[in-house]
Each structure stands twice: as structure tokens, then as C-alpha cells.
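Please find the structures below.
Here chain A shows up in two complexes: once beside chain B, once beside chain C.
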Partner chain A sequence: MNQTQTSTGPILTTDGIPLKVSLKKAERINKIRAFLLVLPLLAFILITFLVPIGDMLSRSVDDRQINTVFPKTFEVYQKWDRQGLPSEEVYKTMFFEVKNSEGYNIGKASTRMNYSKSGWKSLLKKSKRKFKKIEEGPYKEQMIAIDKKWGDIEYWKALGQMVDPTTMGYYLNAVDLKYDSNKEIVQQKENRRIYNKTWIKTFKVSLLVTLFCLLLGYPISYLLATLPMKYSNLLMICVLLPFWTSLLVRTVAWMVMLQQKGVLNNLLVMSNLLADENRFQLMYNQTAVVIVMTQILLPFMVLPLYSVMKTISPTYMRAALNLGASPIHAFYKIYMPNSVPGVSAGCLLVFIIAIGYYITPELVGGKDGQMVGNWIAYHLKTTLNWGLCASLGAILLAMMTVLYWAYNKIVGIENIKLG
Partner chain B sequence: MKKAIKVAFFGLISMAFVGSAIADITFVSWGGAYTASQQKAYIDTYDKGSSITVENYNGGLGEIKAQVEAGNVTWDVVDVLPDQAITGCDEGLFVKVDQSEFINDMVVPPVSDCVVPQIFWAYTAFYDKAAFPGKKPKNIKDFFDVKKFPGKRGIHTWANALIEMALVADGVKASKVYEVMSTPEGIDRAFAKLDTIKDHVVFWSAGSKPLELVSSGEVVMALAYNGRIGAAILSEGKNFEYIWDATVLEQEYLVAIKGGNEKEALEFMAHASTAESNAEQAKYIPYGPMRKSSINIIKKGEPWFITDSGNIDILPHMPTTPKVLKRAVIGDPVWWADNGAEVSERFGAWKGN
Partner chain C sequence: MYMSQKDSFVKFEKVDKSYDGEILVVKDLNLDVPKGEFLTMLGPSGSGKTTVLMMLAGFETPTSGEIYLDGNPISSIPPNKRGIGMVFQNYALFPHMTVKENLAFPLEVRKMQKSQIDEKVGNALAMVELQDFGNRMPLQLSGGQQQRVALARSLVFEPRLVLMDEPLGALDKNLREQMQYEIKHIHEKIGITVVYVTHDQSEALTMSNRIAVFNDGKIQQISSPDILYEKPNSSFVAQFIGENNQLKGKVKSINGENCIVTTESGDDIHALKINVNNNGDGSLVSLRPERVAINSSESFENNFEAKVKELIYLGDHIRSRVEVCGNDQFIVKIPNSYKEANLKEGSTVKLSWKASDSRALDLN
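Here is the complex of A and B:
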């Protein structure tokens, strides 16, 4: 085809323009039209998805809020050798930058400084109030007289972590590391190490939930796909009704069921299967989180599985059985490989939703069921350490990306099917 | 016909403008019996024209900071804890208010320039009388003594007040608690004491939960906000008993959010912080007013608390009577504003391990 074209020259339309150009022109209008049609969606995704994620990522390393407040102090601070207290010059610059600061800069900066060392907040607040009365130097002694923290070298060293406009501090914090006062990376104090354990716990709970969802969801979906219509419709309603029920209602219903004096324990005690003092502790722990999340996320496993299984023709299995395979062998060799796209889709979906779960662990998690989402909420609302929230969120995002990549390598993303 | 539509259209627009001369206020508080008391005492009695919408939140400055930073402020007046009042005011999230009206009538001086007084509330231990037919727990030591009083304890999911209570249970004088807490050894000591009940605790985060836990028998004792306990006893006839020991007294304030309907918000706050209003709130929930003169109004007006079956004396349920104050810890919001994050992370590690 190509050869004939080159040998006879370009094909022309009736008005003498090459067909290629003419086609392109006609297509261009179509392309523009198509682009305009998706433009609202594109803008929507950009504004509601990419911009917030970008903002989150920049917040996780941004340390400017303090640099703009003490620019001069940080300049002279660089000359300090970190042996013994800083010179009068550093004190003096700090003094004037605190005294002359306007508006809420000091307040915002002190929140940030408090992450590096607890105590900065009240120190700056008190100093700002008392500095007004000091008219002339030397400032070092007068500042130490106002609060002895000004004479504590640890506070000055803590400032050193904040000199750069960007910081890895939040990411370090999110994996139980920190900068020490000499800006070396060290492990967090043992009694403050929480995030690594939380990461592991979050992974463990998500994996367990995915596994249980698969174990429960597979037979259900199989039934849904193979039963005659009138039964499968009823079963489908049983799957969908909880799906349409509010998440909170379902969580609270489980609390009623599982607590120590709840329905399940009461039934067991009443039927003498369990002694009154040995009631199961099924609520306010990790077990509760796994049970409740499994129930809540089950439809996300069943629906993709069902839609894939529906397309597996029953004749395949019949053929296998006809050729002498045992039912188990036939299932293993024929049905399961065919249902893999649904299994992948379901597992990925459940795992992704589970790993960022917040409300259920909050309500039923008790002391050992708290996941990463709960810490993000805590820092977001209570400590206002949004940098740490952002870094925790970014790590979650990175983990999902890695998982997705690994999945693509091992199973292949074209093997995923939602219907 | 077209003209008629035009007239109607502009009529509507101008009505909208007239209507917005007095902006409406969104009032945000903690929900439950507490918000209900504010509704009756402050909102139902307010007649300055703004109509007030009530919303609930679970504390923290996160939502407020997000609203102010995004320039999309939908909350106008918020009920906040003292350490948040300090941080929010410092960071410029709240409007500064004129405090001359009440500054000399306060039990403790206000924590920042942005607040008007509401009430004192307290973390208090309590139990259901039915749970202890014999000897009853009398002080915070008993709360931390699982040998003497076996059974689970309901405690909240954050560190405030727990550290203080643990130290008092370990023998520190209530008035010296923050001195001890300011040393690393003091914090270690508090956590060591918390370790002794660790395997016997159930956590709660919503204020109504401890009442539920104790009512259902899930725990034998719990810490709760004293007003919630009082409301359950007074209005629902629950058989609860307070343990008025190492009660941690906390302050509660109203603030106006910067960028909201500031003028109307401040007007409403002025109304909600008069001595009469503060006393009025105690008719519906047993929290102690922060203004000295409110307490006198209540004393004169006893029986003050309104229930369906007639009024009841409220002072025995107040966390600010001399009897309770003698054994109470006065919460120090400045300490928590400074050390809250660090202690909270350690508390989180303690919870999770």
C-alpha cells in the first residue's frame, strides 16, 4: 500500500489538496471538539486532584514559615560554632526580631519551633511581652533573666534544624527518626517511636482485611454468578443492602454486636458455652478493626469478582469435567485462572481503601487498632503539624504507587477487570 | 409579562440585600447536652436579628485553620479549649475582642486576647453505684488500683488530664502537679502509673461514650466530662456517683473566626458572656460559670437546675465549689500548648504498645 503511494505521488482530493492534509484538517476540528468536551473534566481533575496532591507534597518539605520571621537571626546564627552559648550578636538580633515582629508571624513561627523542641511556644510568647520593657543592651543577660530557657543551649541548637527553607524533618518524623541538635539523623527516643509500628500495623490490618474479603467474597461471587436468576437476585440484594447503608450505622451496629456485654457474648453466656467472666474481648482492639472493616469492604470485593465471573462461560467447566478432570482440578485449572482479573481488581480496590481507613479504626480500634489515618487526623486537628500530616500522606501515596507498579510487573495491569 | 418578571427579579435581589444587612451566624460547639444548654441559654435568648445555625465539631483547630487559609470561612463563633484559644489567637485565626466588660469579674484571668468566658468543666472519675455493692471507690488512687477495685476503666484517647491524674494517684499534691510534669522524670512517673492500669482500659473519644460504657457495664469506672455525668444523673435519673478527687478543671471559651461575619459574631459573644447568660447555662448543664458574679446569681436562685419534674440544686454537681476545688488540679493550658505535642506522641506510643 505504502509503496504504491510513493510511486504514484500523494493522493489528491478533487480541489487539489493532498488527501492527508485534508483529512488532518477535518480531524483537527473533531479533535478540538473532543478536547473541548473533556476540558471541564480535565480542569476538574486538575483542580480537585492534582493541585491538592501537589500542595500536600510541597507542604511536606516546606520550612519557610519560620525563615521569613527570623532572617537576620539565621544569618548571624550560621557563624555560631555550636560550642557554648551563642554570642551577644545572635542574642541581640533575635531580641530585635522578636520585639519588632508584627502580626501573627511569631505565633506561627513558634508553633513550628515547638516541633523541634517543646517549650519554644511559651518562651516566645512570654519574651514578646517582656521584651517591650527592655530598652538597651547588653541583651544576653537580660534575656536569660526573663526566662532561663534562653540560656539553654539545646534551644539554640534546635534552631539549627530550621535554617534551611526546606526540610526532611517531617519525613524523618514519619518513620521515627529525627535530627538531633547537631543536625545528624538519629532514632527517635524509644518511648516516642510510634510511626514505624503504625505503618506495620496499617499494612497488616489492610492485608488481613483484603485476605478475609477474598475468602468470603469468592464463594459469594461464585454463587451470584452461577445460581439461577431468581436466587441470585435475592443474594445480590443481600450484598447491596449493607453497601447502601451508612458506614457509621454499620460500624455502630458491630459495636452493639461485639462488645463485652453485647449480643454475641450474651448469647454465648446464655447458652452456657462461655463463662460470664471469660467474655471475649472483641471490641476496641485490632480484631474489631479487622472484623468490621472486612464486613464494610466486602462489597468492593464481591462486585468486581461477580462481574468477571459472570463472563466465564459455564461450558468451559463442563468441557473440563467431560474430559475427565475432577471437579477440584477443573476448578483449579479452568475457573480460577479465568477469575484472576476479578480477584486482582477486588484485592487492589479493597487494599487501597483499607490502607487509608480512618473512621472505623477510630471508633472500634481502641488502643492497638489505630492506623496511619488516625495519626494524620490527630496532627491535622490537634497539633496543627500539617507538615507531618503531609509527609505521612505522601508516604501512603508512594506506597500505593510502588504497590501498583509491583502489581503491574507481576500480574500486569491489563489483567485487571471491573466488568 | 417580561416586565413583571424583571420587577420580580430585581425585587428578589433587593430583598436579598436587605436580608443580608444582618448576617447570619454559624455557631460551632461540641454537641450533646453541652450544645443543648448553649442553645437554650444563649441562642434562644438572642434577639439581635442574626439567625443562628448550630454545628458540631470534635475540637481542634484543623478545620478553622483550613477555612481561614482558604479564605472560605463558614464558621463564625466557635467554642474552644484554652490551649487552642492560645494557639489560634497567636496564629491570627481569631478576632481580638474587647474584654473590659468581664476582665475584672473572672475566676481566673482569660488565657488570650481573643476570648470571652464560658464555663469551667472538669475531667472527673465516676462509677455506677450498682457496680460496687460493697466498698465504693473514693479517690483517684482507687481509680488506679485494679486490685482493690477490679474491672475495666474507661479513659479518653488523649493525654490531657490523664497525666495529671496519674501523678496525683502516685502521691503528688494536686497543686504541685505541673511542677512535677515540667521535669522528664515527672512524665516518666506518670507513664509508669498509667502502666498499672494499661491492661484494664477501654478508650473513648466522644463525650457521651463513657456514660454508655459505665451504663452498659463494659467498664466499672470511667473518666468523663463532669457536665455529661451531671446531666445523666439529673435529667436521665442515672445512678452515677462522682469521685471528686484530682478532678482536672479546664476552661472553655468562645472565639470569633477571622474573616467570618465578625461584627455579628462579636455581638453574639457579648451576649453569651454576660454574668446572667453564664448563670443561665447552668440551668441546663452542671458546668461552673467563669464569672464570679454568675456564681452569686446561681446561689441566690437555687434550686437552679431545670428538669421535667421540678428544679434541683445545682451546686453539688458543680466542679467549682470550694469542696471540689480543694482536691482539684487547675489545668494549665500554657503547659499543654508547649508540651502537648511531645507528650501526646509518647501517649500514642504508650497506647499502641
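Here is the complex of A and C:
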């Protein structure tokens, strides 16, 4: 009787508080403590990882700066019907905003305007200098007199792309598209289409590197996992030794190795396997990038493969043999399926690192071997077009997310094992 | 025990095995297993029993000597052509295949027809009573169920011989005992030859027709479980199988099959002469705890006063540790039915046992 009563109502602790409430109270302290323990790391990740990525993503669409330089011009610009040149009012506002703006701001803005239509930068530079002499209006004629471009409707139309505080222009640029003067999306001019080719090349190189890493890494990992400890340790050192050497040193060593008068070609010529005039062109092209990146990324394939293979009990193979399977059949049917988590982890890891690689293509790629990473670096350092950098980076990030998602659908992320 | 080559289904002839060229882990092994026998190789770890099994399965090759299966030498036959079933220590069920796929694997590699495979797999599952578990993955099964799948897989392709390498080692005690009987029944039902390896003596006693006790790479004694228990012929076997009292002393006199051993405390023990040869040899006299009578009115060859050190109530019997003939680790099992008021720790009792129950063995 007593038992049935207690089982229907909420269970109480001895001091009369419902059990669930006191359990929550007891666990809250643990939760707070756990949270405080991870807080420093959380803050670190937030500041050094999430914030920069967020900043990068916002930069890829950000178009506000120009609006702070020409706020009034853009206001009156909106009223323009885009048929024939703008009215005197537009010219006048533009005139004063150019004349009164700070040099730094107008420099930045003119760079942005140049992305929409080249010629803007020189036009503004020239105008800023000459506007000082103009004392009174009307301004339209005087401005056109300073530079004929002020009378070109295409320049005025290009301004329309910048009125919004956000723009898709950088993304379009990153896939060889652009806005025309009527804000329609069109392809870049034939001679300016570089990015789609680069994307395809980047994918091709990354896939090849992943494939070669797998082909080379699988047997090594198998040996590592199955050899007795004293041999496998030695082999492991051989795999890791390059890992401990500077990336630059290794890349330069490969340059010495592969160039036309390099070690490899010299050996082949010396041993009469190759005629002197037929030396292989192994340096400063895609072949070089694939060879060197395969060598550099091999440990990233071997380590996850090894860690998975180490867990495959040798008795599985013994059992398969015992049950009558030939060694090859047993390997194919029993060992390989069990190594899939390592294969997928290794491939994903190598591919992700390869697709954003920069230093090796830069050094050994020549003209033919440049990857997306190199274009990002170029725009970051040389042209200072950070919006384009950000959009290229964001596309890379999006691709990886899609890949990851597809991988999760096909293989299942729980099947991954990184070590 | 002589057996002609025809009688022996499995035969080891002068087999040596060394891994490093220095130490022999199996020394001059000669062993005959007749068809249908359940032979257990029992021994401590490192005694060479597993190596013998691995040589039979084909995963190790003898350093010298030859192994015959059904009269044919098999040393040069690879493991996948031997047609020997095997249950591995941790079952070795393929984790990426369902139970059915695991069982079908040996049949598929033998290129059997689909319908035939289904039938055999169904029969094998029925044999181990796992009909409803065919589509599970091995990791979704309990330890005992995995064990049964492993057993079924080793039998599904109807091998001539099944090897079992400590198959019950990973199970808890109750399940282990239950599985012992199941394996024994399956063996009796299908009459297959089984070579079983274990270090658990009670497992060996429960299941085997014969037990080969291994130590130091050699068979110490091979005989049926009852003989092994009742008549161990070396002190190693006496210690390894069952509980055993040992009294250390020197041989005083030998009289045909009997002898007298004098302990350090000066007591003379009448015993069977098993493997001592000369007067003055050191000897351990071995005696099963249940063969010792306490305060018995009957008179045997051996009668001693003993002091009770410890009494432990174990339900069906009372286990008492006493000091006798200078040995204070002497165990006597007193049946539960024995009631006597003066039996308490510190009291003195009379112990007596037959000379034929005490065996004078080597000083190991």
C-alpha cells in the first residue's frame, strides 16, 4: 500500500525536495565548473578563429566604405533615370564630396570604384587635384572639361553597383563573372577569365595528391601496423622524419631534385636512359606541385590509416584464412572494409589541406601550377583587393562544408578515425 | 598407450618449435588424437599449448618434425587449404558483416550455391539457438552470443577437425560453465574431433575425453580427466589439476610400489612410489583434501595429530586449514554433515588417510 503511494507521486529526497530538483541542483555546480574549465579555450577559439572567419565572411560582401565617402552623391544619384548624363545636382554633390574628402578615404573608395569600372581611380586622382581651381558652378561642364570621362555615361552607371551597402561583386569576380553597367550578371571578358580554370586546377591537383597519398600510404601503413615493434618503429621514424624537417627545406630539396639540370635528370642522362636534349620538364609546372605535395602530405594519410589498421586484429585475417579464403580474398573482403574509417579520414584530411595549399605551388608551381591559395595571397599582398580574397576564401570554406556534408551522408562521420 | 597411424586422426611426430633459434617452445612433441576425440591441451601460459594449436591450424610451421592429418603430412599445406575449423580466443567475428554473412563466408569462398548456403547457415544458427539473430551485427550481441556465433562459424563448413583456443576466456563464470556444457553436447551430437586449448583446469575436466597437461614445451601427462586427477604422475600435474596438499620430505625406504617419506618435522608418511627412485631423494607427497578423514574411528596407514588454524564455512563443506607434519597450509574438506562440538580454531584433531591416496612425487 505504502509502495503504491510513493510510486504515483513525485519521488522525494529525505528532506522533502523532489528528487529531480535536487538532482538538477547538484549537477548545476558540476556544469558550471566544467564550463569555467573550458572557458579559456572557448575564448581563445572565439577570438582567434571564429571572429576572423566572421570578419572574412563579412568582408566578402561588405560595400559600406564607399557609402561613407559619397553619401550625398548616392542619395541624389538614386533619382537619376539612367537615360543620358545625370543632372547638374549630381555633378555638384560629387564635386564637393571629392573636393572636401580626405585623401586616404577617397583613395580607398577609388580602388573600390576601379573594380566596377577601370579608369575611376585615375579619374578621381586627377580630379581631386584639379577641382581645387574651380571656384563656382555650374560644375558639370567644368568637370567634363577637366576629364572627358566625367561625360561618359558608363562611369556613372558603374556607380550604381556601389549604392547598396552589400555587394555580390566579389563572389561574381571569384567565378569569372561580373556586373555589366546595367547591373546584369555577365561573364568576364575572355582574357580575364582566370578563376574557374584555377578552381578546376586546384580540385584536380588536390584529388591527384589525395589519390597518390592513398596509393603510397596504404601499403606503408599496413606494414607499420603489422610488422613487429622493432621494425615498425624504425619505419615510423622514416615516415615522420620529413615531418620534422622544415617545409621550406623540403620544398627546396625537391627543387634541387627535379629541375632540368637537377639530380634526377642528371642521373637519368648519366646512365644513358635519357638523351641530354630530352630532359624531363619536372619543375615549375603542375607535375612538380603534385609530386612535392604528395611527399609533404603523405604523413597526414599514413597516421590516420595506421591508427585504424593498428586496431584491426590480426586474428581477423587468420580467421578468414582458417575459413578457407585465399590471402588475397581475405585481404579484399576482411581487411580492406575494416580499414575504411582510416582511408576516409586520411583522404579527407589530405584533401582539405591540399585544396588550400599555398607555399609549395608558389615555389615549384611556376605559371601552370598556381592554385586558389596563390591567388588569395596575390590579392592579399599585391592588389590589396581583400574583398576578393575573402570571397575566394569563403568559397573554399563552403566547398569544404559541402564535401564534409556529402561525406557524412555517404560514409557517416562516426566512421572517421583521425587517431 | 600405443596407437597405430591409422587410428590417429591427428598425429604430431617429433615436433620441435622455436621462434628465435635459441629457445624451444615445443620440445619433441609426439601426440596422437583419434577421430571423434575431445582432447584438451591444458597448461599455464607460455607452456607451448597455443603454439601447438597454431601449428595444427597452419599459422606456425614446425621447426622440425611433421604433423599428420588423417595420415597425410600437412606442414606444407597453407591454412586456407587445411579445412580445419577454429574458434579464436576473442571470437574474431568479422565486425563489418552480419551474423549470417559471417557464417556464410566460409561457404561462399567454397563457391557453394546460394540456396545451399542459406540452408546450412540456418542449420548452424539453429544448432546454437540464435535463429532470430542472423541479421544483427556481431557487436550488437552479448559475449555469450558472440561465442556461439564463433562456434557455429567454425562448424558451418563441416570441417574434419575443430580447434578451440581458449574460447571461453572472455566470458563470466556462469556463462562459461553453461557454454562448457553446450560445447560438450555439440561435440557429442556431431561426433567431430576437437582439440581444445585452455589454462582453466575445471574447463578441461568438464569437457574432455583426454587432457594433455603441458608445461615447459612438453606434455607432462596425457590421460582421461579422472586418472589425471586421481593419479597425477608428477608434482606439477598434481598441483595444476585440482586442489592438492603437499608434504615435503625425503624418501626413507622403498618397498615395491610403496615407500616411506620422512618430513622435516620427523613424521613418516606412507605413500605410493610414483616418480622417486632412491632412498634419500627429495619428494613431495601429494594428497587430495577430500581424501583426508578427520577424527575417524577407522585406522589407516597414516595417522597424525593436527592443529586447526582456520575454518571457513562454504555451505556444502567446511574448508579447514590445519597444521600437520610441519605444513600449516594443509587443507581438509569436512563434509557439512560432520557435526562435532570441539571443532574450532585452535583445537587439536586426528587426521588419517590411506597410503594409496598419498603419492610420493618428484621435488618440483
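Here are a few things to note about the model shown:
We adopt the following convention: the second predicted complex is superposed on the first by the 411 of 419 C-alpha atoms of A that agree within 3 Å, B and C clash if a C-alpha of one lies under 4 Å from a C-alpha of the other, contacts with A are read in each partner's own complex, and residues count from 1 in each chain.
Quick note on the criterion: contacts are C-beta pairs under 8 Å (C-beta built on N, C-alpha and C of every residue); 3 or more make two chains touch, one makes a residue touch a chain.
Bear in mind the structure is a predicted one, so any value in this text is a computation, not a measurement.
Once chain A is used to superpose the two complexes, chain B occupies space next to chain C without a clash. Of the two partner chains, chain C is the only one that A:Ile334 touches; chain B does not reach it.
Chain A has more of its residues touched by B than by the other of chain B and chain C. Look at A:Ala320: by the touch rule set out above, it reaches chain C but stays clear of chain B. Of the two partner chains, neither chain B nor chain C is touched by A:Thr360.
When the two structures are aligned on the shared chain, A:Ser181 is found in touch with neither chain B nor chain C. Once chain A of one complex is fitted onto chain A of the other, the partner contacts of A:Ser116 are absent, as it touches neither chain B nor chain C. In the superposed model, the vertex angle chain B-chain A-chain C (Cα centres) comes to 130 degrees (nearest 10). Contact with neither chain B nor chain C is seen for A:Thr93 once the two complexes are overlaid on the shared chain.
For the pair chain B and chain C, the minimum alpha-carbon spacing after aligning on chain A is 46 Å. In the superposition on chain A, no residue of chain A contacts both chain B and chain C. The part of chain A that touches chain C in the complex is made up of residues 313, 315-316, 318-327, 329-330, 333-334, 337-338. Of all residues in chain C, only 57-59, 78-81, 83-86, 88-90, 92, 94-96, 105-106, 109-110, 153, 157 touch chain A in the complex they form. Of all residues in chain A, those touching chain B in their complex are 103-104, 106-108, 110-111, 114-115, 118-122, 125, 191-194, 197-198, 201, 259-261, 284, 362, 366-368, 370, 375, 378, 380-386. Listed in rising order, the residues of chain B touching chain A in the complex are 58-63, 65, 86-87, 89-92, 158, 191, 201-203, 205, 216-218, 334, 337-342, 344-346, 348-353.
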